[in-house]
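Every chain is named by a letter (A, B, C, D and E) in the order it is written, and numbering of its residues begins at 1.
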Amino acid sequence: MSLFEAKSIVKSFGGNTAVNNLSFTVEKGEILGIIGPNGSGKTTVFNLISCFFPLTSGEIYFKGKRIDQVPAHDICKLGIGRTFQVVKPLKRMTVLENVTVGAFLRTNSMTKAKLKAEETVDFCGLSQFKNYEAKSLPIALRKRLEIARALASDPELIMLDETCAGLNPRESEEAIAIIKRIREAGKTIIIVEHIMKVMMGISDRILAINFGSQITIGKPQEVARHPEVIKAYLGDDHA
Amino acid sequence: MKNKNWLFTLLALVIALVIPLLIKAPYQLHMIILILIWATIGTSWNLLGGYGGQVSFGHAAFFGLGAYSAGMLNLYFELSPWWGMLLGPLAAAIIAFPIGLICFRLRGPYFALAMLALGEIFRILFTNLSVTNGAQGILIMPAITSKAWYYYIALAILVVTVMTTYKIVNSKIGYYLVSIREDQDAATSLGIPTTTYKIIALLPSAFFTGLAGALYMNYVAFIDPKIVFNLVNVSIMIILVVMLGGPATTWGPTIGAAIYIILGELFRATLGAANVLVFGLLVCIIIMFMPNGILGALTSLRRFVRQQKGWPGGTKHESV
Amino acid sequence: GCGSQKTKGAAEAIKVGVILPLTGSEAIFGNMEKNAFEMAYEELKAAGKTTIGGREITLLFEDDQGKQDVAKSATEKLINQDKVSMLSGAYSSASTNVIAGAAQSMSMPFLIATGSADDITKKGWQWVFRGTAAPASKYTISLWQMIDQVVKPQSVAIIYESTDFGKSSAKSFKAEAEKRGLKIVYDQPYESGAIDFKPMLAKVKNANPDMVFAVSYLMDASMIVKQSKELDFNTKLFVGGGAGYTLPEFRENAGDASEYIASSTLWVPTVTWPGAKEFFEKYKQKFGKEPDYHGAQAYATMYIIGDALNRAKEFNNTGIQKALKETDLMTVMGPIKFEDWEGYTNQNKPYSYVVQWQKGKLEVIWPEDVKSSPYLYPVPNWKDRT
Amino acid sequence: MLKVINLNASYKDLQVLWDVSFEVKQGELVVLLGANGAGKTTILNSISGIIPGTKGVIEFLGTDITKLASFKIAAQGIIHVPEGRRLFPEMSVKENLEMGSLLPEAKSKRKETMKKVFELFPILHEKQHQEAGDLSGGQQQMLAMGRGLMALPKLLILDEPSLGLSPVLVTQIFDIVKEINSQGVTVLLVEQNVAKTLSMCNRAYVLENGRVVMEGEGKELLNNDHIKEAYLGI
Amino acid sequence: MLFGQSVVSGILLGSMYALIALGMTLIMGVMKIINLAHGAIVMVGMYVTYVCFQQFGIDPYLGMFVAMLVAFLIGCLIQKYMINILVKVESILPQNQVLLTIGIMLVLTEIARLIFKSDYRSVATGYSSNTIFLADMSISVPMLIGFFIAIAFTTLLHLFLTKTDLGKSIRATAQDRDAAVYMGVNASKITVITFGIGSALAAAGGSLLLPIFYLYPDVGQLFNAKSFIITILGGMGSTMGAIIGAIILGTAESLGATYISMGYKDLVGLIMFILVLLFLPGGLRSFVRR
C-alpha cells in the first residue's frame, strides 16, 4: 500500500477546471516532484490535499484512510504538513514562537513544545534568528521558517511549494540540503519547484502536469526528455 | 525577572486591597469601581480581540445579557440580583456559543460588522420583547450601600479575569490564538481548528463580560436595552478602552479603563458643553500617535532601545 | 471677584445638585430645564428667598450626557464631593431611575423634575419625591373623561415609541380601553428616528379605527401626522400621548398637518394656573424660544425647592425630607402635595389636560371647566379642509 | 543617466543599505545581483521613492530626484515593474495597460504604444478584455512589463521578472528584456537567475549585506571565482 | 393596496438611503476601512443645506451642491490629515482606524451641537408634503425626486469610475495602492479625493432627506448601520450594488414594518445583513459585476 494516493481528483473554480482527473501515489520515504507551467494546478493540488478547498470529485487516501472529507485543520494532525508558495509567516511572533505553534500539535505542554521548537529551529539552521520577529526576516529565511514550522508538527508527509523560488543558486543549495536532511529523517516529501536543477537533483520521481492533467510521471531524466514536457514547460534550450 | 514580576503583582494587589481604607471618599471609590468594571470588560474583550484578532463590535450583547440575567431574576423571582452574578456570565457564555458558530465563519471586517449587527439585534429584541420588560427596563434597589463592598467584589472579578486571561494567553491556547490573528491559513495548516479556538476564546470573553454586566446591574441598579446593549457607549467603548491601554497586553485594558473613566469624568466636570468634543479630539490624537495604545508605545520604545544593538548580520556567507 | 469674598465671610451655602443632560442627544431638554431652573432661581432671589438665615441656596448643575452611568457618577460627585443638601433634575426616566436609586440608598432627598416612569415612585422610596411630573400612565386621566363623554369610539389604534415613556403610556391606555371593551385594531411599538412611517400607517388606515392614540417623542410625532396626511388617512380623532405632539417644533415641522391633532398633556401655556402664562412669555422673551412643559416642570420644581428649603427647620437630609413631605404649594404646574396613593409614594396627584392644535395654537379643550377653546370633533377629513 | 551615490536606507531602526553607489548609462542593461535580503529591492524602491528615510543622492538625467515624491519620479520617466507583478487584478488587461499611461506624454500616445505592446506580447492582445487576476503567472508577468512600457519609460526597472515562472517562460521573458533593451530603453534589472543575466547584460553590480562588493562586465563576473562559488554554486 | 403601498414606500425609502450608501461603498471599497463618521458627514451636509435654506433661501436641491462641496472638503481634510497618517503606522489590530472615525464622529457631532444646539430643525418647502396618488398608493414627491437624483448620481459615479483616468486611478489604488504609485499615481491624493467624493455623496444623501425629514446633531447615527448593510449587500465598492442594495433594504424594511411590526423593522435589515455575510460574501456584486 502506498503512503499516499490521489484517485482521479478534479477541482473546478466556476467554469475553470484547475485540476482535471489527476491520479498519483507517493511511496513512503520518497520525494515526488511536481512540475508544470504556471497556472497548471500545482498549488491547487496542495490545497486539495490539505483540504483547503473541497474536491469537485475524486478521492484522496493517506495511510489507507480516506482524507478528502476531513476538515483542513485535521490534515496536519493526520501527519501531512505543508508550506505556502506565498509565505505566511506569523509576522509579529518570533521565529521560535512560530515554530512552537507547530510543535503544539503533538503536545499540550509548553516546555515540550518549546524543546521541540528549539530542535527544529536548529535543524533548519535558524537558531541564530530564533528571537527575531518573523516580519523582519528576508524572504529566504521566511521560506525556511515555513519549512521549520511545518516540520515541528512532526508530519510524515510534507508538501513544499516553491521553497526555492526567489533564492539564488547558492541559497537554493542550502535549501536543498535541508530538504535532503528531512528525507533522511524519514519523512516523505512532495515538492513543487520551477528550478529544474533543484528538481532533477532531489526528486525520486517527477509528475508533470499541464492544465491540471498528467502529462507524464516517472524518473526525472525520463520526464525531462518527454517531448510534451519540453514543449509545454521546459522550452527547447533545456532539452 | 519572573520573581520580580510576581513581587510587583503582589505589591499591586496589596495596594489594591487597602485602597478603600485610604480613600474614604465614596465619589473617588465610585470612579475606581467603574474603572474596575470597565477593566474587566476590556480584559475579556482583549482575549478575543487583542490576542485572537477577532475584533468584536458586539460585546454589548454579552454585557447586556449578564445585566439582564441579574435584573430578570429580581423581576420574576424577587431573588437578589446578586444571583445574577452566577446566572449572568453563564447566560452570556451559552448565548455566545451559537453566536460564535455563526460569526466565526467570517473574517476581518466582515466578522466585526456581523458582531455589530448581532449586538443591535439583541438591543432590538430586548426592546420589543415583553418578558424583558421591554423598553421600560428593570429598576431595583441597590442591595448594599457600602462602596467598599462593591469595590472588593469588582476587584476580585477583575483579578480573576486578568488571571484567567493571563493563564490562557500563556498556554497553548494563547499561542494558537495569536497565530490565528497573525495568519489564519497558516494556523489551519498547522493543525489548528481555528473556529474551535476562536470559540474557546469567545466563551471566557463572553463569560467575564457577562459577569461585569451582572455587577453593573447590581451597582447601578437600573438597566434598559438602550443602556446595556448600546453600540457606541458599550460595544465601541470597550474597544476604545483596550486600544487606549494597549491591545494584546495583560494590563493594557486596565490602563485604558482608567484613562477612559478618569479623563471622561474630569472633562465632564470641568469643560462644560465642550466635554465630549475634547474627549473625541483626545481619542483621535491617541489613536493617531499611539496606534498600539499606551503600553504598545512603551513596548516599541523598549524595542527601539534593544534594536540599537543591531541585527546579527545577514546570512552565513558574510562579506568577501 | 465678589464671589470669593462672599464665600469667605458668609456661612456655608445650601447646595442643591441638579443633574441634567446638557450635552448629548437629550441636551435640548436639559438646557431648557436648566434655563427654567435658573429663571425661577433669579425670581426667588429677587423675592429674597434664596438666602435663609445668612446661608445662600446655590444650584450646582451636573451634565449626565443622557447616559445612565454618567448620571450615577454625577450623583456620587454631588453627594460625596460637593456635599449637596438635596438633588433634583434629570430629564429621562432612565437617568431619573438611576439617580433615585442612588439617592434612596444614600438617604438624600431627590425631587424629580420630569422623569415619568411609573416605577420610580412605586418602590416605596422615602427619599424620592415627584411633584411636577406624573407617572406616565396617568397622563391620560382627562383624555379618558373626554373619550367617555365625547369621542365614544368603537375601535382604537395604539402606536407608540419603544421607550419607557411610550410603553408605559400605551400599556395603561390599552388597559383602560380593554376595561371599556373597545376594540383595539392596532397596537404596536416603533423605533424612534424612522424616515418612513407609511407601512405602519397604511396598516392602521386599513384597520380604519375611530381614533388613534399615539405616543411619540420629538420629531417622530410630526413625521407621523405628516405622513398620515400624505396617505390620506382619516380618523375621527388623532390623540397624542403628550411629549412630541405638544412641542413647538411639532407645529413647525408638521405644518398644517398638525391642525386638529389632539394630545394629552400635563401643561400648556394656556392653563389657568397662576403664573403659567407669565412664565411662558418671560422664558420666550429671555431665551428667544418657546418652552414646552418640561420647562414649566423645571421652573415649578425650583419653586418647590425654594419653598421647602425656606420651611425646613434643619438643612440636613431629614430636615429637608420633612419639609418636602409637608409641601403644599401652588405652582405653574398646579398645586403640589406629596402624597401616597395607589401604591405611589411621595407622588403628587397630577392634573392632566387634553389639548388640540387649532389654527396653529395649542388650545386646552378638556377638562371643560378650564378649556381655552371648545373641542373640534370629529375632525374634518384631509380632503375637506381648505 | 542614473547615478546613485552613497545611498543609505533603513526600515525603522534597521539599516539595510550602506553607502551604495552605482551608475546606469543611457541604453545600457545593468544588473544588480545579490543574495536574498541583500537589499536589491530596497535600492529599487529607494530610486522610485517608495520608501522614506533614505540618505544619499540619486540623480537622474542630471537632476536630483532623491527627495521627490514617488509618483513624481514616475513622471520623470523612471518606471518600476515591481517584484510580484502587482497588477490590478479586478481590472481588465486593457485597463491595466491604460493605467500604465496616465502621464500626459504617454497618454497622448496611448493608442500607438498599446499597439506596440500588443506586438511584443500577442497573448495580451488576445486576452485584452479578461480580468488581470485570471491570467496565468507568466501572462501576468508579461502584462506587468507591458504596463511598464506603456509609460514610454526612459529607464525601466525590473525586479525579478522571472520569479516563479516556468523554465520556458523564463527564457521568453529574458528574450523580451533583451528585445526591449535593444529598442533603446535603458534597463536596470534585478535577478536571481545569475548565469543567464550575467551573460546578457552590459554591466553588473554585486550586492552583499547592503553593500556593493563588486562590479564589472557581465562576462567578466561570470568567470569570477567568488561569483561562481557564492551565486552559481559551482 | 397594502402590499403595493409597502413596496412603493420601500423603494422610495431605499432610494433615500442610496446616496449615503454610495458614499460608504466608495470609501469602504477603496480605503478598506469601516467609517463610523459617515453618518456625521451626512449630518454636516444636512446642516449646510439647512443654513442655505434658512439664511439665503436656497432650495435644498440646490443647497445640496453647496453641502457636497463642504463635505468634500471636510472629507479631504479627514483623509489627508488623519486617516492617511494612521495607515502609515503599524498596529496590532487594523481596526484602530474605526476608533479614529469614532473620534471624528464625536468631534463633528459636538461641533454641530455647539453651533446649532441640540434643537430639532426642519425645512418646510412648498413641496415637502406633495404627493401623487397612483391607484390608491401615495407617492411622496420629494422622495420621488430623491429617487431620480440617486439614480443620476449612481450613473455618473459609475461612468466616472470606469471611463475616466481619474476614476480608473481610484479603482487601481483600491486594488493595489503601491502598484498605482509605481504607475505615477499620487495614491495619497487619490485616497483624499475618494474620501472627499464619498463624503460629498453622503452629504447629498442628507440634503435629499431634508425636505421630508428633520435634523439634529446626532441624526447621522441613524444612517451608519444602514449604509453598512447596503454596502455589504451590494458588494464593497460596487456602485450599482449600492443602489440596488439600498432599494432592497428599503423594501425589506417596509415589508417588515407592514407584515411583522414597525418595532422589528430594523431587525429585518440586520438579519438580512448577517445572512448575506454568511451566504453571499461578495454581495450582489457576485451577480452584477461592478
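As a convention for this text, contacts are C-beta pairs under 8 Å (C-beta built on N, C-alpha and C of every residue); 3 or more make two chains touch, one makes a residue touch a chain.
These are the chains along with the protein names UniProt gives them: A, D = ABC-type branched-chain amino acid transport system, ATPase component.
All of these numbers come straight from a predicted model, not from anything done at the bench.
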Relative to chain D, the most remote chain by C-alpha centroid is chain C
Farthest chain relative to chain A (centres taken as mean CA coordinates): C
Of B-C and D-E, whichever chain pair has more C-beta contact pairs: B-C
Averaged-CA centre spacing for the pair chain E and chain A, given as whole angstrom: 47
Taking each chain's centre as the mean of its CA atoms, chain A sits from chain C at a distance in Å of 74
Rounded to the nearest whole Å, what is the centre-to-centre distance of chain C and chain D, using the mean of the C-alpha atoms as each centre? 74
Multi-chain contacts in chain E: which residues touch at least two other chains? 92, 110, 113, 261, 263, 266
Contacts with two or more other chains, residues of chain C listed in rising order: 23-24, 162, 189, 191
Multi-chain contacts only, two chains or more: what residues does chain B have there? 124, 127-128, 273, 276, 311, 315, 317
Where on chain C does chain E make contact in their complex? 23-28, 31, 159, 162, 188-191, 193-200, 202-203, 206, 218-219, 222-223, 226, 229-232, 249, 252-253, 255, 257, 289
Contacts from chain B onto chain C in the complex sit at residues 25-27, 30-31, 34, 124, 127-128, 134-137, 139-142, 145, 216, 220-222, 224, 226-227, 233, 264-265, 268-269, 272-273, 275-276
The answer for chain D against chain A in the complex is residues 14, 33-37, 134, 136-138, 160, 163-172, 192, 194-195, 229-233
Would you tell me which residues of chain B are touching chain E in their complex? 49-50, 53, 55, 57, 102, 105-106, 108-110, 112-114, 116-118, 120-121, 124-125, 127-128, 181, 232, 236, 239-240, 243, 247-248, 273-274, 276-277, 279-284, 287-288, 291-292, 296
Which residues, counting only chain E, touch chain C once they are in their complex? 1-2, 5-6, 9-10, 12-13, 16, 110, 113, 117-120, 122, 124, 128-129, 131, 133, 138, 140, 209, 212-214, 216-219, 222, 253-255, 257-258, 261-263, 265-266
